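Chain nomenclature is as follows: A, B, C and D, assigned in order of appearance, with residue numbering initiated at 1 for each chain independently.
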Amino acid sequence: MSFDPAKKYFHKDVTDRERAAFEAGIALGMVIHQFTGIPLRRREDVKILEQVIENAVKAQPFKIDAKVSINIDLGNTDEPYEYTTLKTKNMDVKITVKYGRAVVKAALRHIDELDYNLAYIEEIREEE
Amino acid sequence: MSFDPAKKYFHKDVTDRERAAFEAGIALGMVIHQFTGIPLRRREDVKILEQVIENAVKAQPFKIDAKVSINIDLGNTDEPYEYTTLKTKNMDVKITVKYGRAVVKAALRHIDELDYNLAYIEEIREEE
Amino acid sequence: MSFDPAKKYFHKDVTDRERAAFEAGIALGMVIHQFTGIPLRRREDVKILEQVIENAVKAQPFKIDAKVSINIDLGNTDEPYEYTTLKTKNMDVKITVKYGRAVVKAALRHIDELDYNLAYIEEIREEE
Amino acid sequence: MSFDPAKKYFHKDVTDRERAAFEAGIALGMVIHQFTGIPLRRREDVKILEQVIENAVKAQPFKIDAKVSINIDLGNTDEPYEYTTLKTKNMDVKITVKYGRAVVKAALRHIDELDYNLAYIEEIREEE
């Protein structure tokens, strides 16, 4: 099978860099909308969730790396209602997409200046 | 703090068994609607996701135990589009709620006869 | 078909009130974990989303009524990053479950005193 | 305010076409992971959900159009367990992103040949 059996569905003018940017967007949209809302109580819950999010990114096509760091205040773990839930602003995510020779590194983090959880492209290039 | 600072918001006629049944329903509704859709490619992804779901259940009030088993066929992990995503029918979940002296054990699994992912109560009792 | 083909999967000691409480919990767990995160920009977006949430509750078994009110500040709709996303604390939900002769009215709303989005039972009774 | 206060967070080499492709990916990742799982029973539920998904896409930055069509078999609406839930394969989505002079039209639909819900770029161009 060719390296991308779905390539023929894309417009022929889409460059590898554009495709890699598109794939990076899909991955970050997935992270935001799939994982926010998960209840968290203990520090161990946080560590293992970071791995699950990384695995989910890497499960999808052309995502070759992912690093997730969750920055969250946990409550007093002995009180029934003092747990928290994952919010997008708690996540610091970096992913790498490789499509053909194009590489895109993209990130998701809360930008205080914008008061916005921004998904953005940190690096885009074509390998030699 | 009393064992349940939210008790006063519930109608006074709600028994401990009824409250435990309510809490069990919340937990299973959470599992279904929070976790389905997560991309999965490798067997290790599945094992760690089971733990994350168990942790999420136990993070919420009065859930004292959770056991999650995901039964899923993974594709050929080398092909880009041959991964899968978690579906409700892949989950076999058992949770235990304890509220006051009431204990409820509830489950979620696909029932072939109904062709339905059924959340149901397997055991309900009041401890001596 | 009997009124509940799934009844045999429940423990025989589960009363109709307990079952109704369980179903109410499932519905509110679904609302919290399915809908939080939806992007919203215009007042019309909010109104129609309230209806979609009500429909989703009523689609599931034994939920006979649902009323959803979303209380949310929308930003300046002309600036690209000034939209918002639905959070659980924005929702004021009331649902009614009827199972056999048992009726449960349950609610979800942010309780300031607890700083918690509480799902609770407002009324539970058996019809004559 | 400039048309994009977040532009400075992106690498300077990112073209408008690449940015538009990235934004299209975010939108389709959001659609897949936010909306699948919603319970549906009546034809009216489906119609209004299509609008909510369109509104959600258009709420986010630089998405200027969205068209969602849900193709789904509803069960016998009188039986308690015969409703359905939205799956990604039921969705036929077309979105348009405009960033600067770049326009991207992207789609999400189930591709039988791949047995995959493919997000892809149908058109990419720079306006005169």
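Definition applied: a contact is a pair of C-beta atoms (placed from the backbone, for glycine too) under 8 Å apart; a residue touches a chain by one contact, two chains touch by 3 or more.
Predicted model, so just to flag it, every value in this text is computed and none were measured.
A.B. asks: Counting one step per pair of touching chains, how few steps separate chain B from chain C?
C.D. replies: 1
A.B. asks: Write the angle of the rotation needed to overlay chain A on chain B, where the fit uses Cα atoms and the result is rounded to the nearest 5°.
C.D. replies: 180
A.B. asks: Can you work out the whole-Å distance between the CA centroids of chain C and chain D?
C.D. replies: Each chain reduced to its C-alpha mean, chain C and chain D end up 25 Å apart.
A.B. asks: Report the inter-chain centroid distance for chain A and chain D in whole angstrom, where each centroid is the mean of the CA atoms.
C.D. replies: 18
A.B. asks: How many Å are there between the centre of chain A and the centre of chain C, using C-alpha atoms for each centre?
C.D. replies: Chain centres of chain A and chain C, defined by C-alpha means, are spaced 29 Å apart.
A.B. asks: Where in chain A do residues touch two or more other chains at once?
C.D. replies: 5-6, 30, 32-34, 37, 81, 114, 116, 118
A.B. asks: What kind of graph do the touching chains make: line, ring, star, complete, other?
C.D. replies: If you draw each chain as a dot and join those that touch, every dot ends up joined to every other.
A.B. asks: Report the residues of chain D in contact with chain A in the complex, numbered from low to high.
C.D. replies: Where chain D meets chain A, its residues are 5-6, 9-11, 13-14, 17-19, 21-34, 106, 111, 114, 116, 118-125.
A.B. asks: Contact residues on chain A for chain C in the complex?
C.D. replies: Result: residues 32-33, 36-37, 81, 85, 88, 114, 116, 118 of chain A touch chain C.
A.B. asks: Name, in rising order, each residue of chain C that touches chain D in their complex.
C.D. replies: 1, 3-6, 30, 34, 37-42, 44-45, 48-49, 51-52, 55-62, 79-81, 83
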